[in-house]
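Below are two complexes that have chain A in common, paired first with chain B and then with chain C.
Let's turn to the complex of A and B:
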């Protein structure tokens, strides 16, 4: 409505300048550190050195694996939950959505700490198993990949359920009924009707859960410790313990590439032409 | 979906999502000395102890200041930017939009480390100032996004009418636009506050003598101490967030904006 370009710039420049100085320039400088050779030239030596260490490869693959596992689990549980929620009467639906959103507002430290109480040596699970005489001494449940998996899933599941609810609400009401009348079973209905028509919600949720899991710090720090390192906790160790900023820059770049890569691939999948 | 299956699915998902919160509350009410669930006896001693731990009080004050100050600065920067993005033919519009939303997609630990290495070390920024800027940068994308959405939903001809009737551009903004996007502004503030207050990765590397945010302090405390005080503090923080969100939803319909 207004046509004054310089006025527009005056309004937008402070925020853009702030983001550039506080965020963009420092991050780009940090990322460039990993590409400098010993003589100040451009080099990918730091990357070959990084991947030549077994520990780093293990941590990289574990981060990728946990990200995929958490996303896959979130997709399955997310569809089941979202389908159940959209079929509730409207009052119940609103309450359920509220209960799904609620954990997102609670401190992730608090939410992750609960797993220590549940899985710890004197925690709920061990006590229950001991009382039932299924085990004689407490199991080591904490500081395992399973603990990190559970923590991440608990943290990010709402980010899958919410977009799926949105997508399912936009599903044409007659589509499922029509497919049923024409003789499709529930599996066919899901695979041929529900899944393709809710693809955008699935992709949005998948991107949020996958990148969230890759870049989580609190969960692997509390539930994995130094036994189950992920890329973020490895980055922290490299800086805090060994002051290795080059390794930190390499890990940072890998994390950014993985997040952006996943987003690009998923976006491509969302817009690719349906084969049906 | 199947009438029998869906209550089962919903109950299991709720137990998984909300259950840990009850576990924390139960564990924090323990009368025993160590963390346990179910708790040994019931008492409020750990809830009370939280308030006597000096480092918790100090870091709570810092987190609160950062969340309020950082969100306020983010809104001061973000509201004019959102206004320019939605109402003007802005040069480099997409580049500016990208720069303003970028802090969401870059992992916080990288932002914190970059600020430490390229602003604190070379230019002698204090840790407090660095934390303040880092939290502002973190909240800025949310401020711009939520306020932009509110502005896009507001018809722009009422501002034009105000200007035609003799109001100044600034006057039209404060007397016509601001009252109409009040809900969005408040929602942006709450979202920014919660994001900043709960934030860990950005602040990991930004702590100095006596300066730590509350979540970072809790992470350090739980490494050394295995008593229910962190559980008690977690429970109190959860009650605080739930309370804020409940009030916001009640009086504002918060979920419309997020």
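Let's turn to the complex of A and C:
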């Protein structure tokens, strides 16, 4: 399309400048705060101070654990849902994909508030369990890790299902049938045929769900509050309450490293499997 | 000669009139109830002074951070902040002394609002009581310590240490336990022992209304300014008057050091604490009046922190104690309660 590379580069300059000025420069400025010592020299003191506090370590590990748990649950439910959807006739498939996409069009605040009603003492879950005589008094479900887990899973599940549907649709139609004819059971079919051939969808969905769970603010803030602090809610607390921009910068950097790390690991897993 | 005299007179007077018309006062306020403030405070003041008001809004952390950044060339002429934030700004060298001679209405304020931090750097314009909102059909609150009774503790929300209500509520809990303020060690330890039972440590009082509505909680310490929303619920609610008394907080007006409009800023402050303006703000339930001449009907007063007796009974934590000990409190809280 272009006669030479420089023409293409010239066209890219406005977008690159825009991104640099409104995104890169502020992010670098914010992150550099965390690497400055009290005398203005370079230092990692803020990071050692951050990790020396028990609360911060607990919050870091909880964020990592919940991110992994939500991603794992999304993979299991996502595969089941995507497999069911791709085998529907085209009209039904369109409707089901519409249903998967629908929650993405509703504000996360509204979706999260719905969980308060569902998980409350007088909410649907407790009422159902009481009616079935499984419990005598209502359970404390709100403001717990369970509530945050459910909220995050509901929030990000569509981001796992959609890439998996795309990947499953590209699966050669006769691959599963051939494996079955050759004597593979359903578990073997999934493990040796479906999983390797849909790994790109899995990696994309996994990256979106994990990164989303790490960086979500509204859901942990409403469903967990300060009883279930996550890195994002801790970051907000440090800025809005303590005016501590250094700690905020440290948390922001940790979140960025975790997101990039997850992407690298998932990409490595995908390519490692493709070499098998 | 006459012409020359007229020309000289015009040359002298024109810049003055132009300056009067161009006078601009920049104020920094909470984002809360700005439509009401515009109608009841800003517009009437603009009409009176022939000047223009520029209003900056935001939470106090953001606004103080901006004032700090612009310290050498202040943009804001006056700001409203909490008592403790006023002392912090004063210690950071951001504030100028207020001249009581330019604010004659100070004499009409309750004593606790005249010079809240005792440094002449701030004037209180509204205060609020902090006590316990509770379900009278489910429980009886006669003391702050009742919140931690085994039969109640699984049904309460407590303010997080990082909120404005946190330290005052802990202080009163401590008093109920026989502690002397402002040492919060004992109440923090007591909250820590009950942390798994307490429903949540809230950061915004607005979230409590829904929790109360769906019976998730029966009681929570709140500021009186949030009370109105609870009275609209279709469950019975009451405002506790614990035997240890009520605590609370105060918002104050401060003057920026180096501002070019200090006289105009003080004229505006004087206007804000005038009986007429304070009455108008009270009638609309925007702010509880710090001016003791304000008179409102009992149904309005019921939704405010109102009256001489209430003002006298408030046990406010001194700003210096909050500023000097907040980091220590947060650390103690994180160790005992932090999850």
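Basically, the second predicted complex is superposed on the first by the 249 of 276 C-alpha atoms of A that agree within 3 Å, B and C clash if a C-alpha of one lies under 4 Å from a C-alpha of the other, contacts with A are read in each partner's own complex, and residues count from 1 in each chain.
Following the convention adopted for this analysis, a contact is a pair of C-beta atoms (placed from the backbone, for glycine too) under 8 Å apart; a residue touches a chain by one contact, two chains touch by 3 or more.
Predicted model, so just to flag it, every value in this text is computed and none were measured.
> Please determine, from the superposition on chain A, whether chain B and chain C clash or fit.
clash
> With both complexes overlaid on chain A, does A:229 touch chain B (first), chain C (second), both or neither?
So A:229 only meets chain C here.
> After the superposition on A, what does A:55 contact: first (chain B), second (chain C), both or neither?
second
> Touching A:140, do we find chain B (first), chain C (second), both, or neither?
In the superposed model, A:140 contacts chain C only, not chain B.
> Tell me which partner A:122 touches in the superposition: chain B (first), chain C (second), both or neither.
The answer is both, since A:122 touches chain B and chain C.
> Chain A residues in contact: does chain B have more, or chain C?
Of chain B and chain C, B contacts more residues of chain A.
> Considering only the touch criterion stated at the top, classify A:105 as touching first (chain B), second (chain C), both, or neither.
Only chain B is touched by A:105; chain C is not.
> Let me test your reading of the model: by the given contact rule, A:239 touches which partner, first (chain B), second (chain C), both or neither?
In the superposition, A:239 contacts both chain B and chain C.
> Could you look at A:189 and tell me whether it touches chain B, chain C, both or neither (first, second, both, neither)?
Touch partners of A:189: none, neither chain B nor chain C.
> May I ask you to decide whether A:12 touches chain B, chain C, both, or neither, giving the answer as first, second, both or neither?
In the superposition, A:12 touches chain B alone.
> Name the stretch of chain C, from among 73-81, 145-153, 199-207 or 307-315, that runs into chain B once the two structures are superposed.
That would be 199-207, the only stretch with clashing C-alpha atoms.
> With the touch criterion stated at the top, can you tell me which chain A residues are shared between the chain B interface and the chain C interface?
On chain A, the overlap between the chain B and chain C contacts is residues 113, 116-117, 120, 122-123, 221-222, 239-240.
> Can you tell me which positions in chain C touch chain A when the two form their complex?
Contacts found on chain C: 59, 61, 64-65, 154, 160, 162-163, 195, 199-203, 207, 210-211, 214-216, 330, 334-335, 338-339.
> Could you pull out which chain B residues touch chain A in their complex?
1, 5-7, 9-10, 13-14, 16-18, 20-21, 23-24, 27, 34-38, 77-78, 80-81, 83-85, 87-91, 96, 99-100, 102-103, 105-111, 113-115, 117-119, 133-134, 136-137, 140, 144, 156-157, 159-160, 169, 194, 197-198, 200-201, 204-205, 215, 218-219, 222, 230-231, 233-235, 237-238, 241-242, 244-245, 249, 255, 258
> Can you check the complex and tell me which residues of chain A touch chain B?
Residues in contact with chain B: 1-5, 7-9, 11-12, 14-16, 18-20, 22-27, 29-30, 77, 80-81, 83-85, 87, 96-103, 105-111, 113-118, 120, 122-124, 127, 153-154, 157-158, 161, 211, 215, 217-218, 221-222, 232, 235-236, 239-240, 245, 248, 252, 255-256, 259-260, 263.
> Which residues of chain A touch chain C in their complex?
Residues of chain A touching chain C: 53-55, 58, 113, 116-117, 120-123, 140, 142-143, 221-222, 225-229, 237, 239-243.
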